[in-house]
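The two complexes that follow have chain A in common; it is paired with chain B in the first and with chain C in the second.
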Partner chain A sequence: MLFFSYFKEIVGREVVVELKNDLAIRGTLRSVDQYLNIKLENTRVVDQEKYPHMLSVRNCFIRGSVVRYVQLPPDGVDVELLHDATRREARGG
Partner chain B sequence: MAFGLRIFTQRTSDTIAQPILDADNGEVLMHTQPSVSIVLGNRSPESPGTLYISSKQVIWVSDVDRSKGYAVDFVSISLHAVSRDPEAYPSPCIYTQIETGDDEEEDEDEDEEQQEIMDWSSGISKIKEMRLVPSDPSQLETLFEVFCECAELNPEPMLGEPEEEHNWIFSADQLNSEALGEDASNWTFSENLIDSIGHTNGDNDLAHNVLQLHINDQCFEDAEEMDQEHDKNNSHQ
Partner chain C sequence: MATGPGLEPLVDQMISVITNDGRNIVGILKGFDQATNIILDESHERVFSTKEGVQQIVLGLYIIRGDNISIIGELDEDLDAHIELSQLRGHPLKPVIH
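Now for the complex of A and B:
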């Protein structure tokens, strides 16, 4: 549940969600649930020429299982803290 | 697991479009939306029809020909959104992307155009985009929220299992501190960031454990790589 908790911390920040089908969507993180389903607002497709049909979309719901990466706001990440917490979670802490 | 869009024919009778749901497995009807057109991939809109949203799937049945219907499980819907810009699509709609379970990159656009002269039911398992266009655009927000609610009811079967493989013991100290009722499920990252690293509940043994983890950096990095490999393999299935 570590990343669920972490993502809740950065609700309201801008992220880029990269899907396994290579679509990348920039937007404001509106909410996240325990399955890491992600709701974005004010979305923009990163590669608009390749995905013109997504231009109009202003908010969307992305299924957690299709997310490959989430690019985080650099100042929203305490790398050391997240590192330690990740290790902690990995050993069942 | 069945991926993608499929033909739907399980209606209660030929005169009533109401779909038969898998009540034995807890499937219930969440929302019914009359007067909805459906657009599959680059095909022409089909209309009108009735949209049935159950706790497991999205079903569209034509009002004109009730033998004609489509269904897609929520586990196959990668993304859904409200689309309002007339440049992207002439009518406001719910836009969805469908996971087909077919990794091969085919030149779908050309395939689609050729298929227009073919039977309506051919090739639908390869459809990757579906638009649902309600005649009443004010229903879009409601539909979006229903989709969100149902998506959350349908997590990946694998992720739905409780995590049971995290019972590793790294040190004798851990045996003491973990056994004394420090329940993993009660631990939240957000509430107490500083205290959760090394000083939970004033238990100094944990700080000791964190130091040990630093010593073992190398083996943890290996573990991360293995996880990535694992993910990569999964995504190619």
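Now for the complex of A and C:
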């Protein structure tokens, strides 16, 4: 629930989503749902020369189950706040 | 609270699906459910290789199980029309490893 809320806060920011098939996609975060499925706008595959599969795709839906990493905007995360929140959640509060 | 993947705006549009085994299937989205199972009409597979241009294989009406889907992309038909598939080379996508 915590990361769902967190991702909702950074809607509109630019992120890079790295998938479990090694594909990395840069785009603007448009939405996220309870499975952490992600919708991106204005997408570009990071290594487009090697993987031209999405040359004509600008908006996409990424299934949460295949996401390996989400690279966040450096100023898009308050580490202290998230740190406290994760500890609170781990304690069950 | 359980809402679906929100693919309503893509229904009856051309979409490009990347599956967990690295295939790229293009077709018209006809339906979907909360598990991202989808129905694709007039679908075909685009096979990328580094040796030759993109091969297209006609598949027809397909149902793809959500478990096996990585990406659903909205295919911009204008952009797509400007791509010379027979000249396009690319590495095959790797399969998803969980």
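Please note the rule applied: the second predicted complex is superposed on the first by the 93 of 93 C-alpha atoms of A that agree within 3 Å, B and C clash if a C-alpha of one lies under 4 Å from a C-alpha of the other, contacts with A are read in each partner's own complex, and residues count from 1 in each chain.
Methods note: a contact is a pair of C-beta atoms (placed from the backbone, for glycine too) under 8 Å apart; a residue touches a chain by one contact, two chains touch by 3 or more.
Nothing here was measured: the structure is a model prediction, and the numbers come from that model.
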| item | value |
| --- | --- |
| Combined model on chain A where chain B meets chain C, clash or fit | clash |
| Chain B versus chain C as contact partner of A:Val57, first or second or both or neither | both |
| Which superposed partner A:Arg88 touches (first chain B, second chain C, both, neither) | first |
| First (chain B), second (chain C), both or neither touched by A:Asp33 | both |
| First (chain B), second (chain C), both or neither touched by A:Asp22 | second |
| Of chain C and chain B, partner touching more chain A residues | B |
| Contacts of A:Val66 with chain B and chain C, given as first, second, both or neither | both |
| Of the stretches 8-16, 116-124 or 152-160 belonging to chain B, the one that collides with chain C | 152-160 |
| Contact residues common to both interfaces of chain A (with chain B and with chain C) | 19-21, 23, 33, 35, 37, 39, 43, 52-63, 65-66 |
| Sites on chain A touched by chain C in the complex | 19-23, 25, 31, 33-35, 37, 39, 43, 50-63, 65-66 |
| Chain B residues within the chain A interface of the complex | 75, 77-89, 95, 97, 99, 129, 144, 147-148, 151-152, 155-156, 159, 166-168, 170, 174, 178, 182, 184-185, 187-190, 193, 196-198, 206, 210, 213, 220, 223, 235 |
| Chain A - residues contacting chain B, complex | 1-2, 5-6, 8-9, 19-21, 23, 33, 35, 37, 39, 43, 52-66, 68, 81, 84-85, 87-88, 90-93 |
| In the complex with chain A, residue positions of chain C that touch it | 1-3, 5-7, 16, 18, 20, 22, 24, 36, 46, 48, 66-67, 69-77, 79-80, 83, 88-91, 93-98 |
